[in-house]
Amino acid sequence: MSFNTFGHMFRMTTFGESHGPAIGCVVDGCPPGIALAPADIQVFLDKRRPGQSRFTTQRQEPDQVKILSGVFEDDKTGGPVTTGTPIMLLIDNVDQRSKDYAEIRDKFRPGHADYTYQAKYGVRDYRGGGRSSARETAARVAAGAVARKVIPQVRVRGALVQIGPHKIDRVNWDWAEVERNPFFCPDAKAAAKWEAYLDGVRKKGSSCGAIIEVTASGVPAGWGAPVYGKLDQDIAAAMMSINAVKGVEIGAGFAAAALSGEENADEIRMRHGKPDFASNHAGGILGGISSGQDIVVRFVVKPTSSILSIRKTVTAAGEDVDISTKGRHDPCVGIRAVPVGEAMLVLVLADHFLRHRGQVG
Amino acid sequence: MSFNTFGHMFRMTTFGESHGPAIGCVVDGCPPGIALAPADIQVFLDKRRPGQSRFTTQRQEPDQVKILSGVFEDDKTGGPVTTGTPIMLLIDNVDQRSKDYAEIRDKFRPGHADYTYQAKYGVRDYRGGGRSSARETAARVAAGAVARKVIPQVRVRGALVQIGPHKIDRVNWDWAEVERNPFFCPDAKAAAKWEAYLDGVRKKGSSCGAIIEVTASGVPAGWGAPVYGKLDQDIAAAMMSINAVKGVEIGAGFAAAALSGEENADEIRMRHGKPDFASNHAGGILGGISSGQDIVVRFVVKPTSSILSIRKTVTAAGEDVDISTKGRHDPCVGIRAVPVGEAMLVLVLADHFLRHRGQVG
Amino acid sequence: MSFNTFGHMFRMTTFGESHGPAIGCVVDGCPPGIALAPADIQVFLDKRRPGQSRFTTQRQEPDQVKILSGVFEDDKTGGPVTTGTPIMLLIDNVDQRSKDYAEIRDKFRPGHADYTYQAKYGVRDYRGGGRSSARETAARVAAGAVARKVIPQVRVRGALVQIGPHKIDRVNWDWAEVERNPFFCPDAKAAAKWEAYLDGVRKKGSSCGAIIEVTASGVPAGWGAPVYGKLDQDIAAAMMSINAVKGVEIGAGFAAAALSGEENADEIRMRHGKPDFASNHAGGILGGISSGQDIVVRFVVKPTSSILSIRKTVTAAGEDVDISTKGRHDPCVGIRAVPVGEAMLVLVLADHFLRHRGQVG
Amino acid sequence: MSFNTFGHMFRMTTFGESHGPAIGCVVDGCPPGIALAPADIQVFLDKRRPGQSRFTTQRQEPDQVKILSGVFEDDKTGGPVTTGTPIMLLIDNVDQRSKDYAEIRDKFRPGHADYTYQAKYGVRDYRGGGRSSARETAARVAAGAVARKVIPQVRVRGALVQIGPHKIDRVNWDWAEVERNPFFCPDAKAAAKWEAYLDGVRKKGSSCGAIIEVTASGVPAGWGAPVYGKLDQDIAAAMMSINAVKGVEIGAGFAAAALSGEENADEIRMRHGKPDFASNHAGGILGGISSGQDIVVRFVVKPTSSILSIRKTVTAAGEDVDISTKGRHDPCVGIRAVPVGEAMLVLVLADHFLRHRGQVG
């Protein structure tokens, strides 16, 4: 029963609402003896942090993480290391302007979880979406930073490959470029065009969707498990658990429908003493188990539902009304989903590393 | 730790290999007092059963299910009802021609799990793919039939919406047509064209992929849970756990990237005393919780990797070799994935029904 | 995988070390709409709080609980109610005199977890036992207070029934007396004698064990589940998870060995329209399921291992040494285990209430 | 949610009723490459099998186990080895005389689960107790035999240490004697006396309780986990999940209440380069983690509730009636609980071995 817990052996339990005093998570099952300081986590939180360009929400959150448990001074280095006990990561909420949300207390914003939370629970923290706010993803990013230290041999990187209808050109792919533009875009030319496009969207008070690609290099063959412990099953769950995500695909993904078996099944030859694949339509996973190739995942983030345009909706009392959302929002929430997607992938991989080691040694 | 178990409150644990004596599952957590006879399950197994047209594998498996536990005569009707204890469903394997597979004992078939299983476990039942065979999905269909009886108010139906590069035309959608052609295709015109197309694929010894759409009607608003208990998270996991699936999407899915917030967020008006949505880009799920609209899921099945064409691969001993797979296979394994996708969706929904009832009452 | 999580549908995840900045827990799965303010929790924390008599440790911890998430103002009352999302309970550590523990950094205290933690993890927070400290039980008591509000119809009460070799006389049992003496003892005469006995133990710098009995009234017939979901199985796990507990029994418990079947099996007659039992050797549980009788559990707490007497032990470096523990400790840690035992029982019951409602409705 | 599943990484899911066609279990998470043939399991089932002396039920069940999945021929030896996939163990029910139970269809047998199952589910398989029958424990013994092969370095043995009011004399303890008498009694003199005592009980149609002690040698320091992953927590749950068990204790157990801290805390000295304990009041577990000493567990089995004497009870329709149980029963069901207790202990240990290896490596 995992309402707010993700993972099996390496697991996080998150808590907190957008406008409560704090959000955070408890990371459980972490191996002991791993050097872990707040700075190891902060660097990833800073990537996700809002307000860093005009293309993300102007909410100002320092997102300073505190480690409240689970680390202790190492005998040898004297620096903090994990002890194998739960790691509690706390992030205070600072810039909660609750009054912004007073108007929408009784109106269900279209495309948001307002109506469904109310239908399920009969009560909800409406301020900034409460628990359904993307603010919860800061806790994921923090936990993901810990997961990275569990599997340092694995490199997980993400990039935005489509914004609105505009795709990157894969021949231009340059990982270094991802750090240079405000979109995590690996294609410098595309990034330049996106800037104008997204300014247009932002000025209209509209929003657009995006597609994110996350890859993992350095995963050995053998992680994952058959049937209901599939690596791609857990990746699909991980990505779909992110706010506003409506689809996930691995390797060739939906395009595989139109391929022939000859095109799709990656041929193998020996190279440097191990199997080497001629292509990677499988996205690094066969039968739910990693093949040693790069793991390649894409997911789609729907356009931000908070928009200025007047939209039809209803109130909790059952009246037809109109709504226009004026708060501080991301015109394309998919941008900040890049570090979140990275975090979710590395969380799945760290979990499967421990699960594999447990069963197979 | 769910290597071979799916679900939380309503859960199945499957077992069995393609060419072992039997496959099956244990269904746990089923509410008591539900009428359940083998015939209730057999009807769905028959939909999935191979050898029913020239477009599926010619392996002949009667797939007769036996209920070994968990039902007992009802006080009133005298007929079998569930008792709340584990329901064991056993399906004997009959037509296992193991010799077909002797040649591939040492060769890793491209696109199959042969290599990854071997890399993980160091041993594998290579006959027909063993545990990685799509034969395991018969157990899912059987468990899904039980799940249907837990939530009779919900109607789950699936259809093939694309085969190879050929999509249906949605204006022709007719659920009744799904039962009339060998493709579970809702578009009679498309089905006619697909027949010629798939004959071509089959005669070449090639294969093609497919996209399946599964919908659920009658799900009330409120099932699912926030964050890591999201209904769509569990649906994504469910579908991705099916053999050969490489992508899952909900509602507008990947197309949502190119939509504006205005286009994507479904507007609401009151109708007959409850919220009524003007469109269903959300696919019936908002914030991980059902909205009362139809739940709409699509997943892609890659082309069958077992093909006649000669392909490059390696042996377990590390030699470069060629391989051509001659066994009895489906030219489009996606066809038989339709009843499997239905089963997985209804399993997720039955589980969430019980979880919701547990927490909220 | 529940290293630091307890429960299934109603579950808590605890974190924190004795001398870290804070301890606490995340309560997940709580039904929505339940009034919950810090004061509802504080009253139980105050019962467990150290330093309230000379018979417990003189560590001064205010144990003020903060609710950081999961509650919001109710539409009608305006007061805080649960929202169905994770409830984060934080308790700051205040009086951590870490220097007390410097001497024992390298010595494994006999009877403590020092050696086993070191053997497992290779590193440990030695200050006050770190994660193995009974301080963690404050988080259980806080979560238990939430659980009580989930099942207000159930009354859970505990008492000390033996301290060292001295048992109560059950004919003197008076629940009101439990609140009047510093031992949670239901027998006023026994309490008077215990005072002198425990003063002797305390002045010697020694310690003694205790037996606690916890009962639950108002549990209807039908909670629990067969086989591995047994109510008594989960109660046994709950009690054995408390620090220093070495045994658990239900109803007649170990005394049942010497009973005949005639004596032990509780006879039944109808009364007021429902089955009424002539005795309660079963302790309210038959076949893992509640019978409607009071649930009666006892558990034993070993004598505090921190004692003044010089004891033989070894160091982490493998040297034979002597040790005497001088910190502030409870001469009988069993006393403060009473509210902890109550908390664990009500946590199990709240979980089974939700699980039962989920499966059976 | 573990209604019928036990364990985390090494886990079994059992199914089946006393008088259904079969019982069995699915063992999941087993490491690959372990030699496993039916004979490895049969030897333990034979120890538990009824009808082997006049002191156990005369029901004749061959209890022949079939392995339906999860093993395959080893590359080198050609013999069957585990493949890492689910191991399905099936045991047919043979000697079900259902007519014996017709009379008790409507009467709730005192001390049995009849009433509570009916209260919970509204329907039950009353034949021989259905799912609540001790017959389910055959599946545990079968799974336990697999667990033994996962940790061959660990030796788990059990013995009866008390029957009715008659205890063994521990100075006479001889493990070899356990195999020589029908009671699994380690004290030859006690066994001789027990024979006469139990004949008396049997001839009266009465029954008596028993206490079983199970030990594990060869467990290294470090298995288990803090707080809610405690080794003793899981052992307590394991033993309490066995039918008719009413109490569990570790090491000194309930006797620890009357010990002083000096007596109870086991002193340590270095020996052969590792810590050596002067005593074992801890029962091999400190802070939930194994210390390297023998693990010592005791549990109590209540007297069989099926007795000839006339007892007061009620019917499902709410009438006061008398009942006398005439079926074939064990006068002391505790005897056959010895191999069951062994199985449960080794299942917990195998699970914790894998969990430890997963987290710590």
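Every chain is named by a letter (A, B, C and D) in the order it is written, and numbering of its residues begins at 1.
Heads up, the rule we're going with is that contacts are C-beta pairs under 8 Å (C-beta built on N, C-alpha and C of every residue); 3 or more make two chains touch, one makes a residue touch a chain.
Here the structure is a predicted model, which means the values were calculated and not measured.
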Neighbours of subunit C that also touch subunit A are B, D
When each of B-D, A-D or B-C is compared with A-C, the one sharing over half of the residue-numbered contact pairs turns out to be B-D
Mind checking the centre-to-centre distance between subunit A and subunit D? Centres are C-alpha means, answer in whole Å.
45
Distance between the centres, which are taken as Cα means, of subunit D and subunit B, whole angstrom:
38
When centres are defined as mean Cα positions, the distance from subunit C to subunit D in whole Å is 27
Residues of subunit D that contact two or more other chains, please.
1, 3-5, 8-9, 14, 29, 32, 84-85, 120-121, 131, 226, 355, 359-360
Which subunit B residues qualify as touching subunit D in the complex?
1, 3-5, 8-9, 11, 13-17, 20-24, 26, 28-29, 32-33, 66, 68-70, 72, 74-75, 81, 83-88, 120-125, 130-131
Please give the residue numbers of subunit D that touch subunit A in the complex, ascending.
1, 9, 29-32, 84-85, 226, 354-355, 357-361
Touching residues of subunit B toward subunit A in the complex: what are they?
1-6, 8-9, 14, 108-113, 115-117, 119-121, 131-132, 136, 162-165, 201, 206-211, 221-230, 232-237, 239-241, 243, 246-254, 256-270, 273-275, 278, 281-283, 285-292, 300-307, 309, 311-314, 318-320, 334, 355-356, 359-360
